[in-house]
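Here come two complexes built around chain A, the first alongside chain B, the second alongside chain C.
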Partner chain A sequence: MKAYFAIISARFRMLLQYRAAAIAGFGTQLFWGFVKVMIYEAFYRSTTTPQPMELSQVITYTWLAQAFFTLMPFRIDAEIRRMIREGNVAYELLKPVDLYNLWYSRAVANCTATPLLRSIPLFIVAMLWLGMQPPDSIASGFAWAASMVGAISLACAISTILMIAILWTISGEGFMRIVPAMVFVFSGNILPLPLFPDWAQTTLQLLPFAGLSDLPNRLYVGNIPPEHVIFVLAHQLIWTLILVAFGRWLLKRGTRIMVVQGG
Partner chain B sequence: MRMIDYLNLYFRYIGISVRAQMQYKASFIMATFGNLLMSAVEFFAIWALFDRFGTIRGWTLPEVAMFYGIVNTAFSISEAGVRGFDMLPNLVKSGEFDRILLRPRSAAFQVASLELQLLRIGKFVQGIVVLAWALSAVDVAWTLPKALLLVGAIGGGVCIFSGFFILEATLSFWTTETLEIVNAITYGGVETAQYPLVIYRDWFRRFFTYVIPLALVNYFPALAILNRPDPLGTPEIIKWASPLLGLIFLMVTLQIWKIGVRHYTSTGS
Partner chain C sequence: MPQIIVKNLVKTFRVAERESGVWGAVKGLASRRHRIVRALDSISFTLEPGELVGYIGPNGAGKSTTVKVLSGILVPDSGEVRILGYVPWKERIQYVANIGVVFGQRTQLWWDLPVIESFDLLKDIYTVPVEQYVKSRDELIDLLSLADFLDTPVRQLSLGQRMRCDLATSLMHSPSILFLDEPTIGLDAVSKIAVRDFIRRINRERATTVILTTHDMDDIEALCNRIMVIGNGKILSDGTLSELRSRISNERHLTVHLANDGIDIEDPDAEVIDREENRIRLRFDPDKIPAATLISRIASRYPVRDLFVENPPIEEIIAELYRTIK
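What follows is the complex of A and B.
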């Protein structure tokens, strides 16, 4: 356990070095969020029929999604990619720790350092000037915080699978293009899930991706009552366990076919 | 003569780039498919919003699809065409740009033809499909000038986006780093121009008309094609002349590029 904490803290310190990238990313997220908010405002002004979410909830939801955008398992660790290409992955295999746990720890570091750096300033700016609301109630705030832990473990399980997929270079590449597209839509990043057609709701809610962003965001804005947090956590936990098991199985097969070419 | 010579060389460069990408065929197919999927998914979200809300400030889905089609087609063409400028920061950092300056052809031409990103076909196809659907679904009496204006709008869009890629690259002569913020504005501009500009706030709308003239090649021509009066009272002539302004924008950025090249000092490595 200690070894994994050391890995996480080392990666964390490394990622915090990239401050310029963080500022640029912050600007991008702010810009995109603002465009989206204006589009939603225009849509809500064009209708009088009640919607599954109020406009103020949608706005807050959008800022939350922007703030934690880097938590989403879109990209894989560039370092692992290089290691696999150059054959240095052999050293990873030699380390006296479980490989899956090692890579999962890397994912945890990636998934927490960057979002932490980006979300705090975005929260401040969005709350002060851009219409983001504080949590619906104190209970909602706690429920949201708990579900964020679930979201992080789920996101890391998915990004670990993406890392493992590069072991199959060619087909892994396709996988790495399709998964981000799915994450983008089904997590609620492109559009809050409740705004999708009613017939799609059940499926959207059951997919693992809802736990990444949609469910926590809706707990925050009060669209899901705080006492339902238990269902959200169960959803996230079950999917995390399934995806971790799948990742472990994939890694086992991957290391069996792996051929390290000198180096 | 000179033109033919340039074209010849361009196709030679592009041929090499394409052949290199085709070495990894499976990878290429999947990357293209991923590119297509990502943009298809984006449009699905727009469709879902219209399914729920009906219209956006009186604009219907086919109309918005036209905005979407024009801007995405233009963007994908310029992204495939001049993405070579994306590599400029690396050329500057490594000092390889020296080599380009030594060759007897214009530097802008050489950098632009460094690479043709084939996988952008995915986004291009999706843009064209959406545009074709929009054109068949909107209620427009087509005339030759209108058809020309549509082509002009796409061409103008290609100019504006290309100008932006060039501008971003030029800045790296001074900074030797890519400025991600410029990228944000380019991509953000695409996102913005997918909806009629009138739905946005005033200052934001002005930004995309006067600072980044994206509205000129998208919003105003589309108004003319759809026979819609501009709620802001823009004179008719602007709507028709606007694609030309895209060309002017590109010319200006090329001049800035020349200043950048003159300013270039090799890193020497």
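What follows is the complex of A and C.
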């Protein structure tokens, strides 16, 4: 256990060094947030039918999604990618630790350090000037915080699968493009899930991606009542367990076929 | 009892092949041809604790593959390996806690962290007791003279500094076996000597078994009392340096300094290989003609100022051996 904590903390410290990237990321997230908010405002002004979420909720939802953008398993750990391309992955296998846990630990550091650097300033700016509201109630706030822990474990399980997938160098690259696209749409980052057509709702809510962003965000804005947090946590936990089991199976096969690139 | 037992080890790789050009790439989408390469073709050897073995062979011979299988990274197709009682790829986690590995072309240090933080991380990864870790760390820092750049991020180190740090990294947990895959590659002369001295000391003082692959014959000459030569996945030779010499070629070289220019040496039992003004190098077979006889004959016929007999350089021996592989 100590080994994994040491790895998480070392990576965490390392990621905190990248200030320029954090500033650039902050700007990008802010810009896209603006674009999305403007589109929703135009949409809500021109519609007469009642929508499943109010505009103020959608705006808060959007800024939350922007603030925790880097928590999403969109990108693969650049270091792991380089490691596999250049064959340094050999050294990962020389550490007397379980490789799955090692990579999951890396994912935990990635999923916490980077969002931490970017979410706090975005939170402050969005709350002060951009129409983001505080949690719907104190209970909602706690429910949201709990579901964020679930979202992190789920995101890390997906990230770890992405890392493992590049062991199949070429087909892994294709997989790496499909998953982020799915995350983008099905986590509610592009459009809050409640605004999707009714026939798609059940599927969208059952998919693991909802637990990454949509469910926590809706707990925050009160679209899901705080007492339902237990369902959200169950959804996240079950999917985390399934994806960890899948990742472990995949890694077992991956290390057997592994070839160390570049001699 | 041997510390390392390797028996009939086989490892094959599938190499995808496609014809060059656009049409080749399109055809490759539909069907791929694969060629099976036998990287290790039934390799067997044993090693006793505390040995320092040179493992050499041309590029692509299977050296690195052997090291990767023995260190538990790659799973072989067939064959047996027992090291310290473990089967490396089956009991990887327990096994790798007892070995150290350095790949000369790679680094296991954390790119963006200061060297010392990479070291401290190892203490937790290997769960080494703090006292033992501190002792080992300070000793390695001292032996490899790392003190000056402990706080430098790894990305800013020179290759020689980085290699010394990588060596320290591999030994921080006091392993009983050390695998070194081309540790002197790309280093300047001073760094090479420092690395060599260090390897020798570790082998002597800690009684660490060292398996060293290299292309640098000076490494071999300076360090190894046993040399294994691998080619096309097979072990071609296993023994001391002098055994290897006598297996490949028996010849000796006689260099003669003549008192004046413009004289050619002609002798029925020796052949001139090169000459430079009044310095002439001859090749002869000591089984046909004893060195003493040849020397006295040449000294009596020509105005000799100085002469000496030597073995051909090890590079030539190895090059000769590699030629016979192909």
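Definition applied: the second predicted complex is superposed on the first by the 260 of 263 C-alpha atoms of A that agree within 3 Å, B and C clash if a C-alpha of one lies under 4 Å from a C-alpha of the other, contacts with A are read in each partner's own complex, and residues count from 1 in each chain.
Please note the rule applied: a contact is a pair of C-beta atoms (placed from the backbone, for glycine too) under 8 Å apart; a residue touches a chain by one contact, two chains touch by 3 or more.
It should be emphasised that the depicted structure is a prediction, and the values quoted were computed from it without experimental measurement.
In the overlay built on the shared chain, the residue A:256 is in contact with chain C alone; chain B does not reach it. Residue contacts after overlaying the shared chain place A:46 against chain B, while chain C stays out of touching range.
Contact with chain B, but none with chain C, is seen for A:184 once the two complexes are overlaid on the shared chain. Once the two complexes are laid over each other on the shared chain, residue contacts for A:10 go to chain C alone; chain B is not touched. Using the contact criterion defined above for the overlaid structures, shared-chain residue A:210 touches neither chain B nor chain C, since it reaches no partner. Contacts of A:86 after superposition on the shared chain: chain C is touched, whereas chain B is not. Residue contacts after overlaying the shared chain place A:94 against chain C, while chain B stays out of touching range.
Across the interface of their complex, chain A is touched by residues 13, 59, 64, 68, 71-75, 92-94, 96-97, 99, 101, 103, 105-108, 110-113, 117, 121, 124-127 of chain C. Here chain B touches chain A in the complex through residues 24, 26-27, 30-31, 33-35, 37-38, 41-42, 44-45, 48-49, 51-58, 177, 179-181, 183-185, 187-188, 191-192, 195, 199-201, 204, going by the rule given at the top. Of all residues in chain A, those touching chain B in their complex are 20-21, 24-25, 27-28, 31-32, 34-35, 38-39, 42-47, 51, 170-171, 173-174, 177-178, 180-181, 184-185, 190-191, 195-197.
Looking at the complex, you find that chain A touches chain C at residues 2-3, 5-7, 10, 13-14, 17, 79, 86-88, 90-91, 93-98, 255-256, 258-260, 262-263.
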